[in-house]
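I have placed the structure first, in the form of structure tokens, so that the comments after it can refer back to it.
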């Protein structure tokens, strides 16, 4: 088991004939994901890695049963392609593309709410249920099936944490990258709810960073969770007031600081790791205690 | 019992300080409707017929429990006031105003769908549950409590039919005017569903007219109804191609003709009255047969 | 309000929809020069009714003199009863195929709908429904490029043809929204070797939004003088050719009244929905309009809701005094302030009916009986 | 991109938001004439940082000579480290009260939010949250008049004050949407005896939407030369003052790398998120940027996802050959095409790490040990 994705999830790739779309379609297939179609206007009838290409999402859905779509098109075209997927009835949409204009994202989110669809991203590496399925651009070889759910705002940092987990022998049930933009679809809380409900997930790792108040809000939710949560946060050394890339690392009015996040999470019973390689041991410890709690 | 409205329905009036708003607030109160507040920007703190006036719908809803709102503001302001009611959480909205621009109506309907609210109108006389409550501008004295539901597209024609019913001793459970515009909120089918489900309604009268295909669609639904339906349709004598006011009476491509409507309704088991004063007798007959069917 | 083809095309052109090069003429001045510059031209009568092509309203010319005489011919003609007052002369374009495109509102779906077909041209109304693609548009997101791609895919268009048609759809939707249109239609949208362009253009704008029309929307008078007068009063009025002048309030009840007249063997001189909430003054003006068409009798059928019976009664008394009515008049009065209205009429010796059946049969019997105003007898 | 006050106000003015009469100066030419025409004036330094008033960046003058000398004074000054290059001189307005108005995006709600307060003015950041009205706006319907009425009601505004403030809100929302803004802010929005006007103006536009900015949106350079060069390469780069030049891919891992350097007793010379999917060429350019700031050592921390390890390895080899690197460099390389990347480096005699812990501690030990490039030893 896992969240959102499993071995039966049927996926289409929007922008499948682009460089990134082609490369990652190959990678996803190699990982075992069921890629049932691709969309690329004007390229209908072609094939990419043996996957049929359609002109529109609607056409793809006429010819295939589809559960999820992943978007690789350039930033300017993301709004159009996302609305296309949503109108066609896609309920799980992963937007990998970065540099999507903020107002476009807001329009996408409003329409997704109307269509009752879930969006991961934009600017995400995607999500993965190791051993079953992945949607996105994460490297295939760092994951290991297991019982720890991972949710992260930042991309590469969550690879680092997963790498540490796998290195420590701690496998993952699912790993979700929320995306690095100021506005993204799925939130920490939505993913934590799924992990809480997933029988295959025994503990959760939250990977956060300075800026915004997503970690503080997550902490509120975690108070009511039955499963142990371990966190790692980046940005301890960041000087105030400097904007560090797209990371939402704007420190304003004393909110969103490293300190406020650590305090909120600690108060919610989360073990906050100081260093990336402490995450694995902390998770093992939490799982051991959890077993005691449940069975002991 | 009745549909949508009953003696506990708490109503606000948007545009209560205007001429129509004031007059019909008085009429509604005289009928027994619970008017708990009015809205008129800049007039907050005043009273109309003893009803407190607020500046905004949100303010009214902070201070009163509200189930429905009725709009009397000028056409140009309807969109703003309707969206205001919908955002504030009103779930039953009656728009009496006529001459609302079509595109404004479309925007209102899209937002109502999002907010899961029901709209009656625009360009409607409203709806009434005789003996209990009315929202709108219909004359108070022609209605009689009873067990026949009436639903109509046209305003005054439905007064005529109700007048005939009351004259024939046939009382009404609820009477709903859908509104005379090309695009209106509630449809024949939505009202028929409510009548079908309402234990107090034993038969239904549908008042239609040429133009559009609302009666044909209603006929499809009526096929599955357990309660008898009697119809009266206007426009038999209308010359093709002439637009008769706002009535949607544009006869196009052989659809929406008097003949096609009569055929569709008759095929669905509806008794179609030739003359307004035949409606009462037909309803009585249907009710008598209905009783036989059920109890005999 | 319906716009003439040349007006719709001017709006299309302003908004980036390609149209053939053309010019508008109300006489022959400049026709020869335009033809010489342009070469082969189409000369198109500007009328609001459909089926103009089949009615001979479009002619072609390749010589200046021929162009002039055909313009003269068209300007002297009537199309379906309408005098041609303007012609649009356009370059003749090379047609590879003719498509159909329209955007309007589907009342029962409460949504904007785009209609498209590869079977464009004169007989679009005969095209089977399955050959017309219907796509509903959520007004909150509007028509987006992806939807146009799906439409052209369903139409079977490819490459340039598809791309240019998608562009036109997006712009046509912008026009639809920007100008408060009820209908925009291009039939045919022609594919030429280099582009797709609107060879015809229809546009109906929503009169209710007239107060916010952009300045480039022209005013088109489509009504008779009497209809226009009624319109200014906020009254729906249509001239018919029967004998009884009818005034009622509400489109449905007015139609039903016309139906009753027909049912009992007479006919209506007009459709007049005096609307809800008409004041005494407006009612008087409406009555004057009715009388101006010389009906053989008048039937006033008022069911008071917003309209108050006393207003109607007072207005009738006023008009009756001012105009010294000689024709038979029957008044039916029920609803809001009914007693007040009935009393006002009775004071003037005028009887009114509560029953519509009695009122209709009465007016017919008066007509057949010879035309005196019984209410005053 | 943040706009200067005078730019934001020009956009406000174009879009119907009243602003004080004013003019922009980069020297004293015309200052006297403007002051004489206007009378009492405010002279405002144009800088992007907040708290300008408290930092002495705003002066007043009532005489031409005084205006000139104050302009000179400001143009010679720095505000929070930024040289003042432009001043905005404005008429002094009669202030009845100062309001606050802003529109931005609430990331956690995924919605646009309007903030309003009657406690506008210099200390808005100190105003308790309950005195700031927050209203979320559904982008599908936008800010509608009714919402502005509810906001002014909550603010306790009445009559003209309320109406004019509502107008400004509606226009400010239009500006927010039309210009792809991340933030528009008016603090204070001043109420004068006749109108409400934007006495200050802040506006930040979304760089990601730069391709569709309206022509009236000016370009503001806020970055150092090196940051700008990085920006052109699509790299997030911030100069810091530590000793180790850092390149990583992804903002989070870059921050974590900086945190590790600090944890182990060193510090970073910069933040550089080379992004996902960087090509070999872009990676080489990024490395050159790093070297241009003369760090004492380099730490390259690549976790390949879209970024491929072989691209980074090849780029490093290329830069190393071209520049004859003398400083210590530590490379950590895992993820996509890791084996390929490691092999390319090994061919050139360069060792790479898999463990970030080893890489960070290694670079620090090299720094402390004296600065040779161990990978080539």
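Letters A, B, C and D mark the chains in the order given here, with residues in each chain numbered from 1 onward.
Rule of thumb we're sticking to: a residue touches a chain if its C-beta (ideal position, glycine included) is under 8 Å from a C-beta of that chain, and two chains touch if they have at least 3 such contacts.
The model shown is predicted, which means the values in this text are computed figures rather than measured ones.
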Pretend chain D isn't there and tell me which chains still hang together through touching.
one piece
Going from chain A to chain B via touching chains takes a minimum number of steps equal to 2
Centre-to-centre distance between chain C and chain A (centres being mean Cα positions), rounded to whole Å:
56
Rounded to a whole Å, what is the gap between the Cα centroids of chain B and chain C?
27
When you check chain D against every other chain, which residues touch at least two of them?
138, 140-141
Two or more partner chains touched - positions in chain A:
107, 110-111, 114
Within the complex, which stretch of chain C touches chain A?
138, 140-141, 144-147, 149-150, 153, 159, 162
Chain C touches which residues of chain B in the complex?
20, 75-76, 98-104, 106-107, 109-111, 114, 125, 137-139, 141-142, 152-160, 163, 180, 182-185, 187, 207, 209-210, 212-214, 217, 232, 234-239, 242-249, 253, 274-277
Chain A touches which residues of chain D in the complex?
105, 107-108, 110-112, 125, 138-140, 177, 180, 182, 206, 208-209, 211-212, 236, 238, 240, 248-256, 258-263, 267-268, 271, 273, 275-277, 303-306, 334-336, 338, 356-357
Where on chain B does chain D make contact in their complex?
41-42, 44, 55-59, 80-81, 83-84, 87, 107, 110-111, 114
